[in-house]
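Input: structures, listed below.
You will see subunit A twice below: alongside subunit B first, and alongside subunit C after that.
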Partner chain A sequence: MFSKLKITLYTLVAGATMAALTAYAAQVSAPAQTAAPATAPAAVKSTSTADHSKFKELQKTFNSAPEVTKACLICHTEAAKQVQKTKHWTWEFTNPDTQQKLGKKHIINNFCTATKSNEKFCSACHVGYGWENDKFDFKAEQNVDCVVCHESTGTYRKIPGLSGHPTYKDMEFPAHSGKIVKAPNLSKVAQSVGKTSRANCGACHFYGGGGDAVKHGDLDSTLKDPLKYLDVHMDKKGLNFSCGTCHMTTGHEVPGSRYAPTVTPGSQELVAPHMRGKVDNSNPASCQSCHGNKPHPATMAKLNEHTDKIACQTCHIPEFARGQATKMSWDWSTAGQLTPEGKPITKKDSGGHNSYDSKKGDFTWEDHVIPEYIWFNGKVNYTLRETKLDPSQVIKINSFEGSPTDGKSMIWPVKVFRGKQPFDTVSNTLLVPHTFGKDDSAYWSNFDWEKSLAAGMKAANAPYSGKHGFVETEMSWPITHMVAPKGDALTCAQCHDANTGGRLKNVKGIYMPGRGDNNKWLDMIGWSVALLTLIGVLIHGAGRIYTHRKG
Partner chain B sequence: MLKIIGGFVAGVFLVGVLTYAFASKLMFWEIESPFGVEETAARIQQNIMKVGNGWSLSGLRNPGKAVEMDGGNTLPVLMVEACSTKYSAPILKDDTVRFLSILMPCKVSIYKKNDGKTYVAGMNAGLVGMLFGPLVGEVMGHVAEDQAKFVIFDASQPAPALIKGTPGAAGGAAAGGGGGC
Partner chain C sequence: MSSEKIYVFKIFERIWHWSQASLIIFMLITGFEVHGSYTLFGFAKAVSLHTIAAWTLIGLWVFAIFWHITTGEWKQYIPTMDKVVAMIKFYSVGIFNDAPHPFKATQLKKHNPLQRLAYIGVLLFIGPLLWLTGWFYLFYGVWQAWGIDKFLSLEWVAFFHTAGAFMMLAFLIAHVYLTTAGHTPTSHIKAMITGWEEV
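And then the complex of A and B:
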């Protein structure tokens, strides 16, 4: 009987304890539950009115990707026509200011250099299928790749070397790596389509220049699911912006171009920034189109006085490549070193990044890169294949125009990518190497510059003297992604720093208080006047006291 | 008499001012590295393993990661931790100075500043050791000699790989005895 009472008492005590603990736990977790809606990813739940998995046109087996496109075009009759007008398709852009023909089809950069003769490889990032030489049909609508921008399975991947197609059977990529890329189920891919996500855009833009984080510095795969520190707008637990939130696309035309960047959106009094909801032709992919011209509160009014000359990015992207290291230099002149057995070599740096590849030469990488700062008015001049160059100088692949006095420029942060690349030592022009292919002239197969350059220039229908050297080059990339939380923006002292000259020490043509720009003679005269005034006051005061005491 | 007291007070004041002005610079050293943060840390790790005297790596910390998880940013910082049982043992065995275990393991910090350059910093073990009597002074003197060798960089050598993780004996009583303190 006693033991039964004891058991009953223990049970009651245990029950009461459990109840108390449960109540406490509920209290503790309550704030997290109420906070959840504010931090939940906004774009997780689809609001689309169409579920493509229910479409009969997509419920079949597709043997090739162009077949998927044909199915898409049954309903989206104008989509391919729209895409075919864009740079994503043409890889061409004529700069209205300079009339230079730009785009991947024409420019030679200092990364993989040029697409000509390498189309089969490079077109892994073309929004189409089948581009492997000059005979590509730019008018065939079934050649447009719809799913690369719209699929959401994450299984669809265009492999370099397949002329823009995905692999249709499991394949090892890169060759001899042991890594197998699975052929996507095109039916599932087609049924998964929806709004373009960060992963869709990133499939090319995060991997530009031949790999993850190579080219831009402010675009890499860490932006696929970024945290707040990396990008305050894309923060997957916060605002969760997709690329399209800023690059607000109309008729497949994506605003925001590197070839003709918008650098002073609304900074001049007469030109208001593009504001969302307003119908005009200006670029919606600018900070000002949401934040306006004077984004800082009245308590920080001084900052608003900077906005006509300082791009938002200058203060709010204090460093780029904050998620992982970006490639900072590429020296093609050292490519081609082989083992005694004739095998290519790769080396890694301390952080595990490729620092040498026989196919490409030497590289350097850096993370948390402090940008270089320049005056920029939006005009960019390119050194093109036919441009004569002075090989004794560092050649600017693209020159950003700007000055403090033109009334159009702002101070912008840029990544400056430095390299050495082949040029014709007789005609003093940049050369197009033929790198990819199984033919005898492809550099990545035979490591023979002469054959490679001759083949590349022939494909470009351009003359080549047969003599090559390597010239130092620079290419600049405006930094505009990876916006840091406001608490991490540059502070006043990081620019107005007399000891080091601050972040803007190389920005010339202006007087900046506290940067050490002051004229020593002027300072000396000023201080002398102040000192003499003080002495005068003291003498005057002493005289007054003296005469007062004298009565 | 007044002059003596006045002189004494002035002396104390002067010492106080000098200590305030220079102590922080004397207690720690900072040098510029010709390499990036990761390569500098990797080269220091190699130097530590080569220097002998019982030194081994205790760990590699990246305090910036915690700031990132909290939604903020810092310029890169890596802390290479190392320890030598030859030097730690005498201090750990002596009750009067065992509290100095808070200085273990020995740390070398590698970081980037706003000028884009990489710097290396550490504690001036020799000077700090002198504050705690002859035993600690002697031990820390040897530590300081070895620390100077940690930061001798030979640019002719290829960049070694950064050793990540904690190779030593971190992790409590059950951890291995391969290194660290």
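And then the complex of A and C:
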């Protein structure tokens, strides 16, 4: 009798196994991860119809950079006017959603904090010459810096402290470093101009926040000549994109913005890719503008069902800072420690990165960072200089708006940069420090917060109570560059993971199968019913066997 | 015990039964993995296997429904209260005392009244619950295009799909056991394999 029961069970198990094997064999083979054969890139050769080294206007000695600009404008009559309309020039941006006045001229971030009173230094990344204080002439066309974006010798460098100028004679920089920056040959620089390269954009954007890889996490000098692993589009031996391939620029207006990011390009409807040159105000610097919003092949159709809620970047940029470490935190409150002789000090961490600088405080660095993930609908609210804050809370320098239910948000990867920075303990507002300058109040020369903050706030034409403290702040940076090859994209189980909750464990308001979102009561009742049924039939069966044996 | 035999399950029915049984067991295994109960194939593979098995089962059902309608065999599932009490008595008392099985299968009535009730429950309740929620699950990507995203949430679709799965699991356990509760412990199983049942 018992063996007969066993046979029953074996039959069923065998049936199930057969089915499992059949279905397993029939399943569509896993998506091939082999990359398409990369076409051998032709040596990048200018296809321009003009060779600027043959232009008479440029075959002369230039004593200053603005003289070069004057030469450019002889032919490119509208160029300076175009540049002067852009953020690169004005350092101002009014967010159309929030009406907040942003831009480097106005915001206070948690890196070097503010540009006000420090223009001489900061304007090394201004697309112009001579901005050192409020008296800068924003109308003067020869003040526009053409070559920083167009030269290709790699010798032209704007030095912090020179108000946006390059050095005109060899100089030691940084001061006391023993490193000599050579004065560029402006004639050669002028003759080398052409289309803007990765190195041109990178001259500022790779070094934001005061050094290589400090700020963004997805933009640093490793993108100058990246391998495929780092950036599938910029891969030097492959597609070899420049920044402008995506940031398709017209009339010097570069599309793409972190003040008002495009987060759901066409995700709500079945869009066709952005048409280059079509006047529709859409942002060409989005994944969808080339790939559409159903980019995965039919064998991976389930992935296309993710594109309405998950930004491409979430899966395709699995980690940022894959080329080198990025700065993750900056604590200004510890700045100012000096040697007994009154000299500033610097320390390095085990990875060789600056971990302390008397001028700036403590830093931490990380590479291959797993981003944080948030709902984001493109609306960004800034804590401005005049915004009242609650110093008992962590202050969000910029807060990304978004929710699972607003129909506009997607799950985005962000770098969150944390720190402590000065604020006015009486008025509860952020403060503008005067950091750079050879005067008696600049923090980097005097290490005196009171003088520095008083001078900074005076330059910003804002009140200061005279009492300062340090408040915890965080700032978010959407991760969108350094797109990995598809083989490195996240796998399903990196988010659908019941054990750890996966990558999106902090993303609320959405039901994800296999993340442990399931109803625990249902599970308890369900398994109990199944178990009780099993126990019931086992007892019944045992009873039958027992009574039969007895009988 | 009598050795009389009748031919109750035709070849199509038997193939249908065993392939359906295999698919349901397989879908329970992969489904509960997708649910997050354990890791066996890995999430991605479990999802794709579960989906393939679902479409296979749908295909099988198209044939099964066609067969039941054209042969009139659907009438086998019409519920009846006749002998229900007798069946309950048999399972709870008689089966322990070698009492005779109160139901004699014929070609016109191959299921005992409790089977009829159980199967009609599976066919009209558990099955549709799983199908309906399963389809909503499969077509989650087009909810918005169909305008049904306002009325449905994946959380509840998943809830009822899982609830259906637990019911199917409980049915499966009871069903497997009750195959041994025929005229002889193996008479039901033999019938489902060979088509011939001892009555």
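Everything that follows uses one rule, which is that the second predicted complex is superposed on the first by the 472 of 551 C-alpha atoms of A that agree within 3 Å, B and C clash if a C-alpha of one lies under 4 Å from a C-alpha of the other, contacts with A are read in each partner's own complex, and residues count from 1 in each chain.
The working rule: contacts are C-beta pairs under 8 Å (C-beta built on N, C-alpha and C of every residue); 3 or more make two chains touch, one makes a residue touch a chain.
As the structure is a computational prediction, the values presented were derived from the model and not from experiment.
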Subunit B versus subunit C as contact partner of A:77, first or second or both or neither: neither
Contacts of A:355 with subunit B and subunit C, given as first, second, both or neither: first
First (subunit B), second (subunit C), both or neither touched by A:229: first
Partner chain(s) touched by A:59 [first = subunit B, second = subunit C, both, neither]: neither
A:368 touches, of subunit B and subunit C: first, second, both or neither? first
Which superposed partner A:517 touches (first subunit B, second subunit C, both, neither): second
When both partners are placed on the shared chain, which of subunit B and subunit C touches more of subunit A: C
Partner chain in contact with A:534 - subunit B first, subunit C second, else both or neither: second
Touching partner for A:543 - first (subunit B), second (subunit C), both, neither: second
Subunit A residues contacted in one complex by subunit B, in the other by subunit C: none
List of subunit C residues in touch with subunit A within their complex: 18-19, 21-23, 25-26, 29, 33-37, 39, 42-45, 47-49, 52-53, 56, 91, 95-98, 140-141, 144, 153-155, 158-159, 162-163, 165-167, 169-170, 173-174, 176-180, 185-186, 189, 193
Subunit A-facing residues of subunit B, complex: 36, 38-39, 41-43, 67-73, 75-76, 112, 114-116, 158-162
Subunit C-facing residues of subunit A, complex: 1, 4-5, 7-9, 11-12, 15-16, 18-20, 22-24, 26-28, 30, 301-302, 304-305, 308, 491-493, 496-499, 510-511, 513-519, 522-523, 525-527, 529-530, 533-534, 536-537, 540-541, 543-544, 547-548, 551
Of subunit A, residues touching subunit B in the complex: 227-230, 318-319, 322, 347-352, 355, 366-370, 484-485, 487-488, 494, 500, 503
